[in-house]
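In what comes next, chain A is part of two complexes: it sits with chain B in the first one and with chain C in the second one.
Entry: the complex of A and B
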């Protein structure tokens, strides 16, 4: 299951599992956004390289207009994947508060 | 070269099968007692491998994908088999992680993550046609890391 929506504050909220089966749906949603975007990843359980590609494309497009994509509430495992893939050098990333 | 023996979890190649392969890895990993952090890595690695088979191996054509996970001492071994065209990992460009955003290509991350998150990743032709990817993650159980 994967879901992407915008909340009342204009934040993009993603939940579930962002894999190659759901990457096209995420890309279509994000292609409609403009300006500075904040993506809340608190409910995202999982992301694969197809999802990383979606984030990279979107960030690149928004940066060309002087804006960008900020990733917040990122859990430990997804943060590790961002580090492996060099995303920590490309994106502004805020980790989720440590749980428990 | 002998084909890996033992029960495989088999699905028709499709992106919709990704969640079923991840569920297989989760269930089998928990039964085997694999460390939860290692299991999270293996879930991603298998997802990447199956995605590559579906998109680049079969290129939309039908065919089977089979996955098996087992314990070997303190290690976990995962084998992924297909009957797609021969795959040569040497032909996949590296993802160029040090490139600035504007120059960074979108692809190449899947194979990179597979190699980063396992201790061994061996691609070989499967006897009788197709490909076999054998992945090893060492010290994969709680207390062995």
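Entry: the complex of A and C
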């Protein structure tokens, strides 16, 4: 299951699993956004390379207009994937507060 | 546990259901789940995208191995493709030089503990092992 929406504050909120089956849906949603965007990943459980591609494509498009995509509330597992893929150097990322 | 899947991204939800069942049934360390799911998805998607000449279902097998999970994906009637032979991926490249795609198999090789490839009679079999935390020491 995957869901993407915008909250009252204008943040993009994603939840569930951003995999190859759901990446096209996420891309269609993000293609409609403009300006500086913040994506809350607090409820995102899983991301694969298809999801990384969506983030990269969107970030590059927004940066071309002088804005960009900031990723917040990123959990430990997804943060590891960002590190392995070098995304930690391409995006502004805020980790989720440590649980427990 | 073994199950076959159609050559469709829509099968990813069924694959996740299978790994979920396997982890619960076998009491596997849950911290391994995302790594196993990611590696299966990347390998499965790669087979679906690039082995387009085959109409055969893809076989997925999950087994316990020591304190980890051994996973095999077998694709039939295909050309040889060893995922260990992919070229380097420059994850240090600046944003202008990065493009979507090409990261999937790189992440698999980076995140699993071992990976093995067999090709025989036009059948391609990729096996990887991911180990979790030991609870018996």
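Assorted remarks:
As a working rule, the second predicted complex is superposed on the first by the 100 of 100 C-alpha atoms of A that agree within 3 Å, B and C clash if a C-alpha of one lies under 4 Å from a C-alpha of the other, contacts with A are read in each partner's own complex, and residues count from 1 in each chain.
We take it that contacts are C-beta pairs under 8 Å (C-beta built on N, C-alpha and C of every residue); 3 or more make two chains touch, one makes a residue touch a chain.
None of the values given here were measured: they were computed from a predicted structure.
Superposition model on chain A: chain B and chain C are shown in a clashing arrangement. Contacts of A:81 after superposition on the shared chain: both chain B and chain C are touched.
In the superposition on chain A, A:19 makes contact with both chain B and chain C. After overlaying the two complexes on the shared chain, residue contacts for A:28 are found with neither chain B nor chain C.
In the overlay built on the shared chain, the residue A:63 is in contact with chain B and with chain C.
Applying the stated contact rule after C-alpha superposition, one finds that A:43 touches neither chain B nor chain C. Common to the chain B and chain C contact sets on chain A are residues 17, 19-21, 46, 48-50, 52-53, 56-57, 59-60, 63, 77, 81, 84-86, 90. Per the touch definition, chain B reaches chain A in the complex via residues 15-16, 18-19, 22, 37, 40, 43-44, 47-48, 51, 54-55, 95, 97-98, 101-102, 104, 106-107, 109-110, 112-113, 116-117. Residues 17, 19-21, 46, 48-50, 52-53, 56-57, 59-60, 63, 77, 81, 84-86, 90 of chain A are the ones that touch chain B when the two sit in their complex.
Across the complex, chain A meets chain C through its residues 17, 19-21, 45-46, 48-50, 52-54, 56-57, 59-60, 63, 77, 81, 84-86, 89-90.
Interface of chain C with chain A (complex): residues 9-10, 12-13, 16, 34, 37-38, 41-42, 45, 91-93, 95, 98-101, 103-104, 106-107, 110-111.
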